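Once you scroll down, you'll see the structures, which are given as structure tokens.
In the two assemblies presented below, subunit A is common to both, partnered first by subunit B and then by subunit C.
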Partner chain A sequence: MSAAAAARSRPGEPAFDSDRALLALLLAGVAVPLLVFVVWPLAEILKLSFDTPKGLGLGNYAVYFATPKFARVLVNSLEVAVCATLITTVLAYGFAYAMQRCLPRGRRVLGAIALLPLYAPSLLQALGILFLLGRNGAIARTFGVDIDIYGFTGIVVADVFYAFPHAYLILSAALAIGDARLYESAEMLGAGRARIFRTVTLPATRYGLMSAVFVVFTIVITDFGNPMVIGGDYSVLATEIYNQVSGQGNMAMGAVIGVVLLVPAAIAVFVERWVARHHHAVLGDRSDPLRVVPSPARDRVALAYSALICGAIALIVLVVVVASFVTLWPYNLSMSLRHYHFEVQNGLAPLWTSIGVSLAAAVLGVVVVIVGAAVVRRLGPVLTQALYFLSVLPAAVPGMVLGLGYILAFNRPDNPLGFLYGSLAILVICNVYHYHAQGFLIATTAMSQVSRVFDEASTCLGGGLARTLGTVTLPLVAPALVSIGVFFFVRSMVTLSAVIFIVTPATQLAAVSVLLLDDSGNQNQAAAYSVCIMAVVAVALIALEATLALVRHRGGMRAPQLAAA
Partner chain B sequence: MFLTLAGIRKRFGAVTALDGVSLAVDEGEFVCFLGPSGCGKTTLLRIIAGLETPDEATITLDGRDLMRVPARLRNFGIVFQSYSLFPNLTVARNIAYGLACRGWDADATRTRVEAMLDLVNLRDYAERRPHQLSGGQQQRVALARALAPQPRVLLLDEPLSALDAKVREDLRTEIKSLQSKLRVTTVMVTHDQHEAMELADRIVVMNRGAIEQVGPPRELYDRPANRFVADFLGRMNAWPDRDGRPVLGVRPEHVELVAAADAADGANGVIRGTIERVVFLGSVTRVVVRAGERPCIVELKGSRLDLAAGQPVALRAPGEALLRLEKPAA
Partner chain C sequence: MTRIRWLNALAALALATLSLGARAGDITVYTALEEDDVRVYLTEFNKTHPDIKVNLLRLSTGDLVARILAEKANPRHDVIWGTAVTQLSDPRILEMAEPYKPAGIDQVKTAFKDPQNRWFATTGYFAGFCVNTDVLKKKNLPMPASWQDLLNPVYKGQIVMPNAASSGTGFLMIESILQMKGDAKGWQYLKDLDKNMAQYIKSGSRPCKMAATGEYAIGLSFAFSGVKQIMEGYPIKLVIPAEGAGYEIEVSMLMKTAKNKPDSKRFLDWLLTLDAAKLYGERSEMSSVPGAKPTEAVLKAGLPADVSTVLYKMNFDTSARDKDKVLAEWKSSIER
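Moving on, here comes the complex of A and B:
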């Protein structure tokens, strides 16, 4: 190198810097597993779906769309998704409005009840609805009427409950903020309630509304558990993939249907991400926070409405719990523990397997997403964009598609990682990457609360990446770490869709046991197994609350300091 | 020269933050970057610290190329405008942070931390958390933290601007005495001319990403190179020459007031006008006189009760007080 070139050299090109080496190492440590455990399985599915006897082509898709049965399945999925999305969004908007813009009695309890479906195995809604409205349900038996809930109606009703808390959380966040000045000026101009709602409230929450619509659509169209239990002959994409792969052993058709499911789900996810970014821009400006003043009439209506919704949500969970503890629902309601003697492969062992896998997923998940968030913070804009995309990509991949991808990628002798197949480790990995996007977003949000000045101060004092993270950044985001861990734990306990394809008799999971029990006509035992899962989840949530309370107590007034600009 | 900067350029998209800045700083010197908000002071300081990557630059310290040294290894102390103490660590652990990075042992660290706490008069605050300190105390700890590892250069980015006026003045004095005691080479960013004039051995006046003038405060005040520098340090009355440019300037305190009746008509260097406003500022009285198109500011010692708006006056500027002002470089 000439002297002039040396003098002109730019920083960022030092001879060797251990810190940059560490960053590169961490980047590889985050990106390579994302490629291996998300992109590769996806690529395998795509490849198989285009693989025809005459080479790569659209042949399989031509067969798919030419087969009336398959075309019907796509229409079914879209019908269910659109219907359930509309109903859920409207109901959840009303509920979020009652929680954020009214003052009904027992607001906090109502808000907590609305979240119950998040903490139950995904098929629990369908199970509960069948206990009430099914052929052998309480209503049919009590009143001697014959209700046909199986199929379209049942799936929509179950999925409305299943997706409700997600919509409520998004809309609640959108309605929680508002500019008091806008409302005051509208009132002074003499606008009535309906008019204010139409001209102020609705426009101000439009991004939240759009987010909710796309999130609910993705959840419903990718749901597997509820349609399995309550769908009857009404097939949707997620259940048809299972049918093709597990029932008929037709991987290729499974892959085609997987791609057909992947497209709308991915579009919805990326539109939602795009909307969410705009949403943040709206939040940025300065405004007077909204103060909700009591209004007896309005608050009574709000209470009636939210109590109705929470009543329905709680009823479904309750009926499952009760059914698990009686001799034979709904004929013999005397107390009994007989359903807790599980007549399923390995009995209660899958519950312990689930707990172990979920604990491991919690630890691995926290490490993976927090390192990802820390690396993203230090990268240049181009690499940041790339890693960000990779990190949120799993949100766009339906669980059934990911699970099938794992079979295609790892269940073959020529894969050096083939030894993972059939192990508990692959279940842990699958759960971590299935929910990677959500965990990563919580982690980056928490990290963005920590001012960059702390990083820079540490750097100038001679602190490397590892020390800055260990001594400053991570302690400051510790509460978020606990939340992320519990998030991975809970999701891993209740998820069914991705793992259904990769469990083996030796690595059976609890949620799969519920499905098997239901499938063999053992609804009461399925209920009992669900109750066990919910009990474990409840313990985890209580532990989270206790930890956070402890941190708040010890941390004192630390939180506001986090955001030193 | 100890620290040299040459040809520093930096753009943020369409914005040119620095447009070819060159400067040399002596060992032990206290240099202030002074200029209006957005002129590139912080960017320049961050480039020196290694926190920002310039598009083009040559920076050396003691003859050694700094561009190949990452911020972490430059051994520069820095104090930011916003509070930057690690909120989860005590005052003592904050100060010890740089020492821990350098692998100091426990005894040496304790001794050094205590010495630094004494230096900034916060001996009793060692075990406090940052949120238990006032803004001024936090910045003093930040100073102690930056100085603890004996940095080659101390960089200060408007460390006082978030503080109340009174605290700001006290801390200004404290920084000055600290710097003279330790003789650490210091570069400070400020947009406050008084701060720069009190603290700096040399002031670097910046405007729109370029340096307008460098020199000791006195020299910049007495012989500003151009209008921009003259206006930024104190006030300046300026008139166009016969050709329109360059301009002639005179400081308000150098203008003399002559009673209108005493001034012979057309006498050399005398301008006639009318008093527009009289402002009593304590030690001086500021008189705004309308003479021709532009108002002329005159500052007189003490209180002048004899002057009032509307009075006709004549102004005179002694020839030796007249300054020739070039157009600003940028």
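Moving on, here comes the complex of A and C:
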């Protein structure tokens, strides 16, 4: 690497200068939009939150913390987030353990069901839980019990389901690797199962566990859809921003609450990134990979536990689907398609808008993060750090805060980019930069698996940066490209929090329609609309699987050769 | 360089697929009317005006007014349609209106139009209680008949009502109580009622829908949302409070800043046609337009043939003048 870097800095070689120019150009092409579409909106929010009639100051924050209602909203948010995080992490650890360290029957199916909440708007959980556990929901009616789920309990339950797959994926990765030598030693020393778990498994997965805790915390504290639907009078920060901005037209208070929400979310994300970087050290070069051997009793317990969890997850989705086809929930349960006749502004048009926006976000997202990932590994250490920080920064910005920032930055005549406001383009851009961090991380991981040796070989053979990228790097990371595209597509289909502030009557999105339908009390139509969204997402996922299978089939011959090289 | 050109082309393609801005025959309309009504009205409107595409933003009354004020420097709408007169009488909004006399305005009674032609009303709404008879029977609760009845402690945690800060219906309820009882007794009543209240809901129709699905026994709403739930087949009885129902009229106005004035005017004209009036009879509890008659089904659902007999005579000037003060007081002493 250092030799190559030295070679690059040697003056007078023509191929070389054009490379540097191209690199500078690409760097600008990656960094400038990040500054415009992430940093600028954030700066606007910060500025507004400190803006008082007497100049910059803490006046707005003084008002915030002096208003009992706002102080309570912050406490509410923290309570919900801490509670849901603990429950989710414990449940997901058990589930990931059952998937990775046991051999229950139907493991693949169970693992797939656990991911269902990823593919629907977040408020689907709350909707389903209300159909099941509402005051007049299925359970209350069947067993004649009085349940009051609105508020704290409802939000926690809904968010546990919503955040579950994220925690499961992280913990699953942590539990997938293990050093067999440690387990053998522990067994030889006569340690029991509980003790092995406590002294070997738990310590080895502590980074994954911490990662999961912080990721879930961020997801829960920034979630907007579930508290909107099931929160009742129990306000949290994310809903209060919406209330202040959209309800009261009080941008300044919205900005202050935005910053109050930004702080814990950002801390959680940066701690998580820090933890993730130390994660790799767990496995040494000489570890023996762990092999899971069948154990009937243990596997039956694992099956029972994971089936219970998957049953609950599937039940919520199922009840939403059923409710969307029922004539008059809960009084007349005969089947009907009437809820698919949407009484919402512009009918089904928002679904098509969503599909268009999501497709565009997928294409633009792939280009943006892949160029970003390609550029970031060719820079010097300082620039790498800076670009890396910028690229993962969006993960720390709650959607509500980003959306409000977009109003503040772009909805004004003096902004030369003001023409974007109210267009579909800004929705695409917003989605790409809202989910930039995750896309970028997948892209850098994929890139880092392509050995630098190829790059250097291509460079030695006279290939410029563009040619290396085009003929060597891109084909190798093609499967990852498809996955990133689908990632952006799915997130753009289901997201609500950032776009809720920047949709206009002409650019309404499907997930927003679901919220509007629920807000006006048309829960069955909200359910039906969610079903439409899930159907689109399902089609996208099937297309992804098919494409990947095709790529694997075609690439199958090449892979061993590459490995040999 | 081919690869880079390819990337550029891809990015350009992504941006090119996005359509920007509004088309010639488009108008942007902000409304606080109910979603389902709006849909029916617009379908009918487009039968005779297929060349006009209405881009619609529907929000609860308070939210809509806040949005209009927030966007005042750069308004995005051409027309405000069917929104509470007490809220639009805000001088900051009135000064945005362009005086316009739609065709047929002469047949509208004076009480339903602005002397300076800045607004006119097509429909109105008044307070009603949606009571779920099924839940009432199950929980063995009495049928309420008046605002006073709602203070009965047996209803604790069984009533939902709209949030006055976001919902026009919510505001008209507390304003009518204050006008009926006077400030001191009125606020005391609202605080007593708060003890029985399970939730304050952002929208004016949702409390009735929550009562319809049996989530709560009683949903305070506007009368027609009860009529709709009854026609849907839910076990709902519509109760109009014995003290008299506070009401509100829904008015429309043209914006000075409208980007498409000719089509906006055609839209406003249509609101006073017989086509529209027929729909008002089917979908609202009161209308200012001659020819709007409540249908059989609507009367059967419990709406009186002559609504003037059940209304409490509101003073809209007082409502509009006190709006900000009343809401501030409500937010600080009652909102949760």
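As a convention for this text, the second predicted complex is superposed on the first by the 537 of 565 C-alpha atoms of A that agree within 3 Å, B and C clash if a C-alpha of one lies under 4 Å from a C-alpha of the other, contacts with A are read in each partner's own complex, and residues count from 1 in each chain.
Throughout what follows, a residue touches a chain if its C-beta (ideal position, glycine included) is under 8 Å from a C-beta of that chain, and two chains touch if they have at least 3 such contacts.
Everything numeric in this text was worked out from a predicted model, so none of it was measured.
Asks: What is the contact status of A:124 with respect to subunit B (first) and subunit C (second): first, second, both, or neither?
Replies: Neither subunit B nor subunit C is touched by A:124.
Asks: Output check: A:461 vs subunit B and subunit C. Expected answer is one of first, second, both, neither. What do you get?
Replies: First partner only.
Asks: One more residue to check, A:520. First (subunit B), second (subunit C), both or neither?
Replies: Once the two structures are laid over each other on A, A:520 reaches subunit C alone.
Asks: A:19 contacts which: subunit B (first), subunit C (second), both, neither?
Replies: first
Asks: What is the contact status of A:425 with respect to subunit B (first) and subunit C (second): first, second, both, or neither?
Replies: second
Asks: Between subunit B and subunit C, which one contacts more residues of subunit A in the superposed model?
Replies: Of the two chains, more subunit A residues are contacted by C.
Asks: A:472 in the overlay: touching subunit B, subunit C, both, or neither? Say first, second, both or neither.
Replies: So A:472 only meets subunit B here.
Asks: Is A:251 contacted by the first partner subunit B, the second partner subunit C, both or neither?
Replies: second
Asks: List the residues of subunit A that touch subunit B in one complex and subunit C in the other.
Replies: Shared contact residues on subunit A: 467, 471.
Asks: With touch defined as at the start, can you tell me which subunit A residues reach subunit B in the complex?
Replies: Touch residues, subunit A against subunit B: 6-15, 17, 19-20, 451, 453-454, 456-464, 467, 471-472, 475-476, 556-558, 560-562, 564-565.
Asks: Which of the residues in subunit C end up touching subunit A in this complex?
Replies: Within the complex, subunit C touches subunit A at residues 1-4, 6-7, 10-11, 13-15, 17-22, 26, 28-29, 34-36, 38-39, 55-60, 62-63, 66-67, 69-71, 73-74, 76, 134-135, 157, 165-166, 198-200, 202-203, 205-206, 208-210, 213-216, 232-235, 335-336.
Asks: Mind pulling up the subunit A residues that touch subunit C in the complex?
Replies: Interface residues on subunit A, with respect to subunit C: 22, 69, 134-136, 148, 150, 232-233, 235, 243, 246-251, 328-332, 343-347, 356, 359-360, 363-364, 367, 371, 411-413, 419, 422-425, 428, 466-467, 469-471, 474, 504-506, 516-517, 519-523.
Asks: In the complex, go through subunit B and note every residue touching subunit A.
Replies: 49-51, 53-54, 56-58, 65, 67-78, 80, 82-84, 86-89, 97-98, 100-102, 129-131, 142, 145-146, 149, 155
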